[in-house]
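The two complexes that follow have subunit A in common; it is paired with subunit B in the first and with subunit C in the second.
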Partner chain A sequence: MGATAMTAISEDQRDCYQEITNVAMGQAADRLARLLDVYVILPIPKVNMISASELHMALADTTVNDDVSAVCQGFIGSGIAGEALLVFNDASFSDLASLMNYKGPLDRHGELELLMDVSSVLIGACIHGIGEQLEISFNQGHPVVLGQHCHVDDLVKSGNHQWSQTLAIEIHYEIENVNISCDLLLLFTEDSVAKINQQVDYLLD
Partner chain B sequence: MTKSSFEFAEMHWLMDVLQSIDVGLVILDRDYKIQLWNGFMENHSGLRPDEVHDKPLFESFRDIPETWFRQKAEPVFELKTRTFTIWEQRPYLFKFKNYRPITGRASTMYQNSSMIPLESIDGSVKHICLIIYDVTDIAVNQEDLTKANGNLAYLSQTDSLTELFNRGFWEEEFQREHKRCIRSHNPSSLVMFDIDHFKKVNDTYGHQAGDEVIRTVASVVRQTARQTDICGRYGGEEFTILLVDTDAAAAAQFAERLRKKIAAITVKTDDHEINFTISSGVAEFSAGFTKHTQWIEAADKALYHAKENGRNKTTVYQGK
Partner chain C sequence: MALPVLICDDSSFARKQMKRALPDGWEIDLTFACNGVEGVEAIRQGKGEVVFLDLTMPEMDGYGVLEMIRKEDLPAMVIVVSGDIQPDAQERVKKLGAMAFIKKPIDKEKATQILTEFGILSEAE
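So, the complex of A and B:
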């Protein structure tokens, strides 16, 4: 996907990222399953180097024409930095509310509560899981609401990015028998990639 | 310094830092009893560590909704995960005064909080740490920004003379409805009207009077239209009203009601009493309108027809 020589990832490394993500998101899914008491369908993560413009495409792929709500959270540790984006289809909230025993009115505020609760668990577990395998203890910033009831295009402002390429890991979560789907995107900065590759190569050896 | 005295000193420094850092630190046990209460918490709450030690959090701070808080904290104990709350959820956990009580504009401190698991030697989580951040300035700025953006959006969408939608925004809304009509085939109708001989009003009574006529027409439009109808000032004396879920017959009735109301109104200026009329064209959506401009053209044709037939009339587009 148009990766430059500097930040290209080899097939072996890609497989390794995929494996690391598999483990981490498995842990995250396990926690989500315990939080909601449901069976979470485990997807296959997509690992790619993408450009700023492709990020919009990747986001657009996550939903079809529906309104979404999303939070993002930054993480950093040992020279590796990135952000986790959790994008929720707005149609998911009513089922989510009943699974989480949410009793209040399901307005914007109620949805924000659910969004925060699920993102804490999913993002936290995923970041922790990846950190554990790379032997890095990440610090997490505070979550920030990117938008509620908005079109996916409006989540991330286009243009003027400080970066040209990012390592993107896309994970699509679904829950069996209920209408809940969300996408977790883990985005690593360009200069983190070399550091991760070092760690990964060390694991591959 | 020997190694052990250095470690002792380091411990001492750390304790000092925890005590004086400008962030709230609270350690809670499994029963939500307070085990640690740093200087930030003491100074902002006015409660000394010995006053809260081993007391349940919810007993000392009745403002904190227990069920809500437990929902955030239980995963920290049970799943060993960090959780976060942000001021958008609840402005604050602890009701503290704004750190800048004189120049600040909020009366209470906005707070973000993190809860992190503290593992015991056996790997289980028997304590959690609650960290309180003061985010008052961020929150106040964000709220100002949201309000300013709302005002800007209103200004950029509104025609200042009539306070109806301006042409640009009205056309955006119209295009959206056009797309919806193509999908759903629900009948929606467009009414386009203009003020008869408006140029003569301007020339005879002056532009001030002309503006007053336009304002009056706009206010009749607002009173006659439903909440869901999309009303805009399309040009100088030309107005457009999109009637959602309305067929041509009902839209014609609406246009006639509007025409009669306006014909009955007299605008009074200092020296004159001005009477005026409008002519309307009505066009219901038809599947043939693949572009939204075709729909406007249809209403425009009907309007032209009403003008040709002597003005002060409503004409419905017949699809020819």
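So, the complex of A and C:
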């Protein structure tokens, strides 16, 4: 039996995921806004069941030709597990450095430091916000750098996809008036989908 | 006469959550709108003396609704209920004439507190 049959989400569930993500990304944006003293533009998040090949498209969609740097961080709680993937446009680093009052040289090491700071704020707040609303307490693993100054294609290629279809939440962050943008992708493991859907159904009930 | 209350949010889950958060036994005439355009239309028809307004919506967003209310001088007390809780967002909606700002997710306690604070909900209710 194909996995596709059991891993669909209904319109009500999608709406609920979107609203929950909306609240969580708002909390993350608020922390970033206060840290950098800026206004973060918040679009409506995308929620979809995607396949490994579509993951490639989801990523390529947002950062077409630019060089990117990326961090991923696992999270787990109440039998639900996933990975948060933050893809950062490399063109953002100079503006980010000045907003964060970063005085050191903006070399690979300097960029890495900035990348880690931003990802801990955005990933941490977002995962916490989603967990709080679904009454799941997520534990986070250590962040791992997937690559610096690479192409989106390389990020996906380096991954070892052993899943066919899973739940993906895509959030695009942009900062008003400066050249900073990044994408946060939350991917739940295939096994987690039924469980997290159940948590959503409690809220919808 | 029952008070006309409008809930304006593009998410059906959020509308439901907002409805659940309203105080028990509050005598109101409740209307729902799924975007800003529908929201403004409902307010024009007198269905939104009190409005619970989301900010991020298609068609017309919450900022647009606040601007229309001001432009047409519509009689609406607006409580913004939003996931965008950045200091800038709160300041912008207050400048546009919103009475109050509530952080999502909304619950009964927060809603009751704001409604009482602004005298919309009397002690007796």
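Keep this in mind: the second predicted complex is superposed on the first by the 199 of 205 C-alpha atoms of A that agree within 3 Å, B and C clash if a C-alpha of one lies under 4 Å from a C-alpha of the other, contacts with A are read in each partner's own complex, and residues count from 1 in each chain.
Following the convention adopted for this analysis, a residue touches a chain if its C-beta (ideal position, glycine included) is under 8 Å from a C-beta of that chain, and two chains touch if they have at least 3 such contacts.
Because the structure is a prediction, the values reported are computed rather than measured.
Peer 1: Examine A:48 and indicate which partner it touches, taking first as subunit B and second as subunit C; both and neither are also allowed.
Peer 2: neither
Peer 1: Name the contact category of A:34: first (subunit B only), second (subunit C only), both, or neither.
Peer 2: both
Peer 1: For A:78, using the defined touch cut-off, is the partner it touches subunit B, subunit C, both, or neither? Pick first, second, both or neither.
Peer 2: Neither partner.
Peer 1: Looking at the overlay, what does A:12 touch: subunit B (first), subunit C (second), both, or neither?
Peer 2: second
Peer 1: Identify the overlap between the subunit B-contacting and the subunit C-contacting residues of subunit A.
Peer 2: Shared contact residues on subunit A: 34.
Peer 1: How about subunit B: which of its residues touch subunit A in the complex?
Peer 2: Going by the criterion above, the answer is residues 68, 71-72, 75, 78-79, 81-86, 88-89, 112, 114, 133.
Peer 1: Of all residues in subunit A, which touch subunit B in the complex?
Peer 2: By the definition above, subunit A touches subunit B via 31, 34-35, 73, 100, 109, 112-113, 116-117, 120-121, 124-125, 128, 140, 142-145.
Peer 1: Can you check the complex and tell me which residues of subunit C touch subunit A?
Peer 2: Those residues of subunit C that touch subunit A are 11-14, 16-17, 56, 58, 82-89, 104-105.
Peer 1: Using the touch definition up top, name the residues of subunit A that touch subunit C in the complex.
Peer 2: Listed in rising order, the residues of subunit A that touch subunit C are 12, 15-16, 18-19, 22-27, 29-30, 33-34, 39-40, 42-44, 133, 203-204.
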